[in-house]
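In the two complexes below, chain A is the common chain; its partner is chain B in one and chain C in the other.
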Partner chain A sequence: MSQRGGAQRPNGAAQGKICQFKLVLLGESAVGKSSLVLRFVKGQFHEYQESTIGAAFLTQTVCLDDTTVKFEIWDTAGQERYHSLAPMYYRGAQAAIVVYDITNQDTFGRAKTWVKELQRQASPNIVIALAGNKADLSNKRMVEYEEAQGYAEENSLLFMETSAKTAMNVNDIFLAIAKKLPKSDSGGQSGQRPQPGVRLNEQNQASEGGCCK
Partner chain B sequence: MDEEYDIIVLGTGLTECVLSGLMSVGGRKVLHMDRNKYYGGESASLTPLDEVYKLYKMGDKAPEHLGRGRDWNVDLIPKFIMARGKLVKLLIHTGVTRYLEFKSIEGSYVYKGQKDAIYKVPSDEKEALSTSLMGIFEKRRFRNLVVFIHGFDKNDPRTWKELDPQKTTTKEMFEKFGVDANTQDIAGHALALYRNEDYKNASMVEFIERVKLYFESLTFFRDSKSPYLYPLYGLGELPQGFARLSAIYGGTYMLDKEGCNIVYDDDGKVIGVESGGEVAKCKQVICDPSYAADKTKKTGQVIRALCILNHPVANTKDALSTQIIIPQNQVNRRHDIYVSVVSYTHQIASKGFYLAICSTTVETDNPEKELEPAIRLLGSIEQKFITIKDMYEPVENSEKSGVFISKSYDATSHFETTCDDVLDIYAKVMGEPFDFKKDERLEQQQQQDEM
Partner chain C sequence: MSSGLVQNDVDGYGFQRPSNFNHGEYDAFMAEYLPVMTRRALRWEKVIGNASRINKSRTVKRFCRKGIPASLRPMVWMSITGADVRMESNPHLYQQMLSANHDRELTETIEMDIHRTFPDNAYFSNPNDNKCLRKPLYNILISIGHRNKTIAYCQGMNFIAGLMLLIMKDEDKYEEKVFWLMDTLINNILPDYYHPDMHAIQVDQELLGELVKWKYPAIHTHLDHLGLQWCLIGMKWFICIFADVLPIDTVLRVWDCLFSEGPKILLRVALAIVCRNQEKILKCKNFSEVTDLFQEAVVGSDSLHCHSFLKCMFEELGSLPMARVNRVREEVKTRV
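Then we have the complex of A and B:
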């Protein structure tokens, strides 16, 4: 049974705690959201990545000193395309990566809109990172590094230029987010969600607290 | 929009979203539109609270003392989820459950007219024997009935107690066990969840299956005190979850679309849907009744009173969530009255507040008065919002045009009839019944996610 954001004690493991966080991706179509996730979770890159179908919910862990941070990663599933992203998407998200394509100025403008939207809709302590993706295509650059960095500073966002193709800064941006997330005993809850509910699955039925994994 | 789709779905209520999800998973190319700028249609949870005041034309702003508007997610229809019912099967089958978190409803109560009081519906054998709902001898008779139901297997004559499942009505079964009218009301309305008395002359098998579903649902979580689940942030999360499923499998979503008029050819077959002067082509349409008014008929009315409280309902042991059933016989009606209570613990109200929704099928010209027995149980009310809704269902053979229309949400307290509607429409659109056996595409997806 997994409790979103709930601290869990790993079975029989002596090392420190595990914190689970919900992380959402936002950004214009084709900027490389799914590619970043695919690189981070599976170490792969596809030149002809299909517009997101299927894999829109992946998990990956990173280790920080004595803490294991487990990311539950939500990709938009294309629902942002016609401004039809459901509020459920932001709900309870503790981190967000807003992605733009450094070769396309419009996608940077759209990224700024997403940041505003997050500041309005998401929980107040959400950690937001801005990713200028496709950094390998710097010969076609349309968004200057300094411009994006300045914007990120003004809005207290983490900022990195990334490349899902070469893997540049991909792990790093997730790691930077992990570092910035609050890892109190309540596992990043920031005291906002007093008693989380339970997930349903075949295993948890009538056997809460079971410990065979 | 000017593309061609297999199916266009209109309206993002739960029925439409589940169907959209199942169709996309099944490989259909789906366009899903809504006239509203939010998901959920009739099954939405409104937020912030100001939106509720606007909807009921009670000004633009909710009063200050109700707390932060954004903490509210107010359901428009009152329903709970049977823990072992069809909706949970669909949630688990499709993996949509991973987007949601649930809480168990803390208790289920039944009203007894004679005593003008509510009593806890026994949730296990111990409670059944200690309940003050019935006298000592009646308790034993009730227990015998429950034991019979538990053991009943329609394929094993040894469990039938000489009652032929083919022929015996529920009434005859009650007579055999000698249970009195009060106990019948509890069994028929609070356990089998029938809304009127028609079930007594129907086969006992359906009755038995419903009671079994109730008891099985009770064992879903250890220590649950009711058979019901409720999603955090309100029922509106359910359609959103299935919409996400549909989008993941390639479904296209457009909200806030004006018009959404279904376009037919000369033979009355659907050819597409028009919005803002553009027509999206399709072979089939699935929609809620509001998008195809000319192909639906009114079947009755429901009345619902949304009541904001700043206290739990009396005599429910301060439960943060509960259901109260007022069986029709107990208040001389033909349809039961339901009260469902959820609260801030479900992230649907700001701290300290409760939302109680009273509902029933309208029988008279003064529907508000019909709800009185329920309203009385609530105590002081901060704010009351009344809705009287017409219920619709498709007229016969409407699907010949390629347009498949769902039914309005009825007055039942759970989603079982909604799921029946979903499965029925699914079978008509796809030409074969829905198969709960694992779907190949879903299985691959779930394996991927485990990595």
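Then we have the complex of A and C:
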């Protein structure tokens, strides 16, 4: 569907729907949560990414057909002792990406525990995606693709192997989530419409693929 | 220090400046700050002479609030925290902790964070450089974790020890000194922030909320309306005691006061950030605007001008009676 008038400004009726979703990233320390977000939001990758303390908040906007989807992203700290703070970040979230590192079996186990916790305690309609990150390191692979995929199917999760380093499937996993989220105006989402003129498009659009085709 | 003519990409502490670093603004700040610090250094020298330690006193407290000169900072920090006395009375302890058999999980967790500590800093980025501080950082964290079994290692401690190393690195026995400074900080100065249950840190976030409500009721109402809880903003502030949060010169000034006066300083810092941004906060229309604002506020020019920032902390904020702080802390404990 075409967006009229360049559609860069959320200008009342000329613009399609604008939806805002809260998304949280969970998973053990050093699996690459911050790296995935950095890739998605800024198109960058740092070989040495600082450890996250508490959590970091970022936003990114993607366009799907006539809908602008604005993600409000909580990138949480992975160390076990920060676990008790996690509900604060996933409370009210419409989507979650649970991340593990394909080169480390323990992180996959930890991811499953996160999924269980979300299923029990997060919003009942939360869209959960499982990301097997560091897919570029397939020579060190410890978690088989089929194993994770089987688990994801059983639990109705979106699943992709990703690489924040090469950008593989990074925009795609966020887009897949955007597609799966209900976007009706009254869909029970917290998506208060941002007021006209409020930033939305100042955020750079997702750098590759994905946006406003 | 950069001369103002040469635009240095690395600051005096080895930190890589961001590509959008505002050299003009920084040079203007330094032009104002350096003479101030030079005057302070002269006054400190009068007080200290060439003593190798100082005792806490009202004068010293007042002096710490105005900033410890860089050349004296290592000695003064060791002295006012009492870390030097503890080090002297336990001359073998650091070596014992370091050479002990360390828990494997502890080792692994710390190892994972060593290259993720100040990766943009010249002293941490290149492991092949013989001045590289990664190994000392590892040694300190593992020894702290081994000695303080309950705390072990909490992410965030890496940034604190890392910054201490940057300040102490030219001292004799600097590694051992930072170990003692860290040990004193977590056991004698700060509340139990690094306990695995994270209780104390959450209590202090709530406490901050209550103090904002007391000092700046309109701000509190507005933030509450936007759905902002302090722990979403302030967790890293307190865990890292503002290291990797505020501009470096400001962090050091904050630490000067923290080491001399104790953790109430952290509340003053947080309140000063609120105080200096009141109008901007009230203009925020939604949650992400307000989080963006705080992210900018802590690195922005208001925070860079550490002299006026510290002034705000102590003068504009007015009194923050310990009795009240403690009473409110007890009240919020039941909520967390």
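Just so it is clear, the second predicted complex is superposed on the first by the 165 of 213 C-alpha atoms of A that agree within 3 Å, B and C clash if a C-alpha of one lies under 4 Å from a C-alpha of the other, contacts with A are read in each partner's own complex, and residues count from 1 in each chain.
We adopt the following convention: a residue touches a chain if its C-beta (ideal position, glycine included) is under 8 Å from a C-beta of that chain, and two chains touch if they have at least 3 such contacts.
In this text, all values refer to a predicted model and were calculated from it rather than measured experimentally.
Peer 1: Just checking: does A:His46 make contact with chain B only, chain C only, both, or neither of them? Give me first, second, both or neither.
Peer 2: It touches chain C, and chain B stays clear.
Peer 1: With both complexes superposed on chain A, which partner does A:Lys180 reach: first (chain B), second (chain C), both or neither?
Peer 2: Neither partner.
Peer 1: Tell me which partner A:Ala30 touches in the superposition: chain B (first), chain C (second), both or neither.
Peer 2: second
Peer 1: Would you check which partner chain A:Tyr82 touches, where first means chain B only, second means chain C only, and both and neither mean what they say?
Peer 2: both
Peer 1: Is A:Lys116 touching the first partner chain B, the second partner chain C, both, or neither of them?
Peer 2: Neither chain B nor chain C is touched by A:Lys116.
Peer 1: Applying the document's definition of touch, where does A:Arg91 land relative to chain B and chain C: first, second, both, or neither?
Peer 2: first
Peer 1: Given the superposition on chain A, which partner contacts more residues in chain A: chain B or chain C?
Peer 2: Looking at chain B versus chain C, the one contacting more residues of chain A is B.
Peer 1: Using the superposition on chain A described above, determine whether A:Phe57 touches chain B (first), chain C (second), both, or neither.
Peer 2: In the superposition, A:Phe57 touches chain B and chain C alike.
Peer 1: Check the residue A:Lys140 against both partner chains and state whether it touches chain B (first), chain C (second), both, or neither.
Peer 2: After superposing on A, A:Lys140 lies clear of both chain B and chain C.
Peer 1: Residue by residue on chain A, keep only those touching chain B in one complex and chain C in the other, then list them.
Peer 2: 52-55, 57, 59, 77, 79, 81-82, 84, 88-89, 194-195, 198-199
Peer 1: Over in the complex, which chain A residues touch chain B? Could you list them?
Peer 2: 3-4, 41-42, 52-59, 77-79, 81-84, 86-89, 91, 193-202, 204-208
Peer 1: Report the residues of chain B in contact with chain A in the complex, numbered from low to high.
Peer 2: Against chain A, chain B makes touches at 39, 47, 88, 91-92, 97-103, 219-222, 229, 231-233, 237, 240-241, 243-244, 247-250, 252-256, 345-347, 441, 444-445, 448-449, 451.
Peer 1: Name, in rising order, each residue of chain A that touches chain C in their complex.
Peer 2: It comes out as residues 29-30, 46-55, 57, 59, 72, 77, 79-82, 84-85, 88-89, 192, 194-195, 198-199.
Peer 1: Quick check on the complex: what are the chain C residues that touch chain A?
Peer 2: 109, 112-113, 115-119, 125, 154-156, 158-159, 196-198, 202, 229, 231-232, 235-236, 239-240, 244, 285-289, 291, 295
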